[in-house]
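Given below, in the form of structure tokens, are the structures.
Two complexes follow with subunit A in common, the first pairing it with subunit B and the second with subunit C.
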Partner chain A sequence: MPAITNNGIETWRLRTSKEQWIRWVCWLIGLAVIMYAWQMISEKTVWFFVTDAPTQAADIGSRMVPPKWSYMDKLWKPVWDTINIATIGTIIAMVIAVPVAFATARNTTPNIVVRTIGLFIIVSSRSVNSLIWALILVFILGPGVLAGTIAIGLRSIGFCAKLIYESIEEIDHTQVEAIEATGASGPQKMIFGILPQVLPTIAGVGIYRWDINIRESTILGLVGAGGIGLQLNGSLNTLAWTQVSLILIVILITVFISEWVSAKVRGAII
Partner chain B sequence: MLQLAELTKKYNTGELALKGVTLEIPKGQVLALIGPSGAGKSTLIRCVNRLVQPTSGSVVLKGTELTKLSSSALRKARRRMGMIFQEYALVERLTVMENVLSGRLGYVGFWRSYFRKFPRADIQEAYRLLDRVGLKHMADKRADELSGGQRQRVGICRALIQNPDLLLVDEPTASLDPKTSRQIMRLIQELCSERGLTAIINIHDVFLAQMFSQRVVGLELGSVVYDGKPDGLTPEVLTRIYGEEDWSATIKSTDEDDDDEEEF
Partner chain C sequence: MTDSSETGSYPSSWKKAPFIKNSFVRWLIIVGGAIYLAAALGTMNIDLERVKEGLPRAQRFLDSFFPPNFSDNRGVLWEGIAESIWMAIISTVAGIALSIPIGLGAARNLAPAWVYLFCRGVIAASRTFPEIILAIFAVKLFGFGPFAGFIALSLGTIGFYAKLLAEDIENSSASQAEAVKATGANWFQWINYSIQPQVMPRMIGLSIYRLDINFRESAVVGIVGGGGIGATLNTSFSRYEFDTAAAILIIIILIVMSMEYTSSFFRKWVQ
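This part shows the complex of A and B:
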């Protein structure tokens, strides 16, 4: 298409003139939509609050310092709870996610019905945020660490199973074929041909999800599902800003450490 | 020992990969299967151990008809057929020893294989084979640490520890340099004669085929177009198999036969 003969001379352009015009018009429409949306937002915004924001932020900031270090005594337990929610939740998720992944991957699924069920589990787990899972579970199980742990677990099944089943589908088939050619049975093919190929992914996904879950479990307390979020919520409600700042610092350090651990472990596995 | 009769394979795509191939291979014969890409060489050897299910025709190994076997009987039959692959097909993240021992999977139960508790005789045989191919010191290395030639040697050990009657070899040298190719082909040839093994070797290097086999079968578009001695591969024959080309430099002339074998 872009090769054009002009007066007997062959020239080449990336796009024909028509294609170029269509692109310009599309850009123009896009720009118009953005301008219109901006105007709508602007109309509905109380600009007084926005112009006031720096003052407010500075005010809260000044109330936050110095952090109330003595409050730390009451934070060790919630931090420990938070880590436990994330860790046990991830373990529960992985125990369920690995079989679900094998049942869902095209090359290991027993049949289409099982695969559909597997996909349904994955989608339903992924489509609900852990905060919403926690909200529901607090109603069912009552407030506390258990609700948070199960919420994290339910939320993580889909994430882990999806990543693992995709990696099962991408394995090198000839390695499996070679094991099959020796006269190995189906289960033997699984442990010798497939599992060694996906084991690094399984471990990597577990660690990655644990890292995410540490962060997610810090906010579960907002809905009463245990962990440090409970203290954060309480401190915010009582306008105890010096406690809030300490909690934020503690969360930051916890997340830093979990990221460092997960990077180290992942490096060791892969 | 192995009889193929009217073996036909039609893939779901409608492609007719094998068109009624009939071959009779006596015990101890090393047969080279040559032909252009897409001629059906891989399909043919995969139809023998039924990694590919033939559409019609029969495969008889030592009096057993393989095409109609139930899956458990097929697994038993596969134990006596060793296969060597083009890209080695080792399980990359397992050790050399585990890869070799995987050749015994047909003989051990699930839990023994899960915990890698192979019989002592198998382990001794694995060490013996690794020693034979010069890789005993590599037994605990992971397969992905090995070079191409070393990997193919491990692949050979995995096939041989099955104690097979028949070797199915699929392009063993396609990923190797010329020197390693010759070493690997010579190793396969030596091991076949040591153990009296029958082998079908897919290979697209005509020169290697002539050098290391007793019989050459030329396949073109799923049909046998040549079946005879290696030195019967004249330019006319190669043209029939591969199409028109200047073949004068490809063919090993008969009088330098012996020198070549020494040289490489």
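This part shows the complex of A and C:
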């Protein structure tokens, strides 16, 4: 027990002196890094603009109310597009993610080369944000919903495959063994032994990712990939603040509804 | 499973049980899904001509990605990456500092109802809007540069961290809290000695995870003017310097990968 001896009386302490020193040094390093980071950022900041921000905020705020409700007529189609980008993107992602997940799971794929390829697909898809995917795809496919859909799909593969393969690795092996004992072949084992165990996870992950994708597809329009972000970008560029506030309200409602739907469906599945 | 129709005769065939048991709901979902897909694909306006035209361009485009150019002619590549890293660190720290009071307020077992509702509202607002939209407004208010990105990422951190902190506090064991309270501790002592030790390990892990997310997001807030590597990436796309863009993408992937490994290692070590 760490204790300090003071005038011959032992007093209890939480940590030994050495531990205390280590902690102190760690805090020092951490604070030094934070201070340095802050200095780097503040060096590149024009402080006049920052101190001016409250006036700006008040100005923009006053321009944003009331929202231009009549603009809603032009927003139904972009909202529909946004939902489609998220939904079809998620479907594309799931179609690709399930085989990738099976190829990456340790218990379904003993081959290390295949597993490494699967892991590489997962990591590279997860590392690049959907906005960057969209930026690239708009160059290739031209601006529009298609680029956004594929961007969402590519971005979601990694996320879905990662969660699915982790659940494949955690399945109950006795069931697979039981199927094997009936003389089932490899694919049959997979369909009747493994798939039923992970099907709820697959459905749950798909719904969960759909919810995230709704949120992500609202911004893809900023780089020209369709959806409500296109209108947002246009309104921001033309300083039509009353339209901006309406678009933000629409995004808020869409996200809330999708979150609610996703929670309900996941609750029903699991 | 389809059972045998007559008792005594052993079933000779077996059919897999459907995933959705109620056949009406199952068909409703299948038909509804088909109608929705037809409607969605019908209104998507896929311009096949444009795609066909784009595919050779994609070939040239991908060719111009290789070999990636790490030579960094304008001297902005490493600067952008350093800026992204600093931005991620400082916004994680600031975001967590803001999240702690909000997280405490959003825990049902600690806070009175009006504080709870207020803090939950803040969390919901911060979670709804993607970091990019927060960044657009931060750029409008604070001007171009990393400060706007810092504000956007800090606000984004609140929605994530405060929510998980609040949930963790709500799940923490009440008996320990009661024991500390019985010693006559005041409110701060109570939080510090009963709640904080229970949530700390998970929260340290989550803060590293959030640092990882913030770095990833810092790569895109630059697209709307929030500074960092995203700004460099966007510029190199606009200047058709695709080899530099490829180099930036590779560096982002490598940093994210290494951060993911260190963060999962660190989280295992902490817990």
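Note that in this section the second predicted complex is superposed on the first by the 240 of 270 C-alpha atoms of A that agree within 3 Å, B and C clash if a C-alpha of one lies under 4 Å from a C-alpha of the other, contacts with A are read in each partner's own complex, and residues count from 1 in each chain.
Here is the rule we go by: contacts are C-beta pairs under 8 Å (C-beta built on N, C-alpha and C of every residue); 3 or more make two chains touch, one makes a residue touch a chain.
Just so it is clear, the structure is predicted and the values come from calculations on it, not from any experiment.
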Three-chain arrangement built on subunit A, subunit B and subunit C clash or fit: clash
Subunit A: partner with more touched residues, subunit B or subunit C: C
First (subunit B), second (subunit C), both or neither touched by A:193: first
First (subunit B), second (subunit C), both or neither touched by A:69: neither
Touched partner set for A:53, first subunit B, second subunit C, both or neither: second
Subunit B versus subunit C as contact partner of A:41, first or second or both or neither: second
Contacts of A:260 with subunit B and subunit C, given as first, second, both or neither: neither
First, second, both or neither for A:183, with subunit B first and subunit C second: first
Shared contact residues on subunit A - subunit B and subunit C: 192, 196, 199
Subunit A - residues contacting subunit B, complex: 172, 174-175, 177-185, 187-188, 191-193, 196-197, 199-200
Subunit A-facing residues of subunit C, complex: 16, 19, 36-37, 40-41, 43-47, 50-51, 53-55, 57-58, 61, 82-83, 85-87, 89-90, 93, 128-130, 132-133, 136-137, 140-143, 145-147, 150, 216-217, 219-220, 223-224, 227, 233-234, 237, 249, 252-253, 256-257, 260
Complex interface listing, subunit B residues touching subunit A: 49, 51, 75-79, 81-83, 85, 87, 89-94, 98, 102-107, 110, 113-114, 155, 158, 162, 168
Subunit A to subunit C touching residues, read off their complex: 33-34, 36-38, 40-42, 44-46, 49-50, 53, 56-57, 60, 77, 80-81, 84, 87-88, 123-124, 126-129, 131-132, 135, 139-142, 144-146, 149, 192, 196, 199, 203, 215-216, 218-219, 222-223, 232, 236, 248, 251-252, 255-256
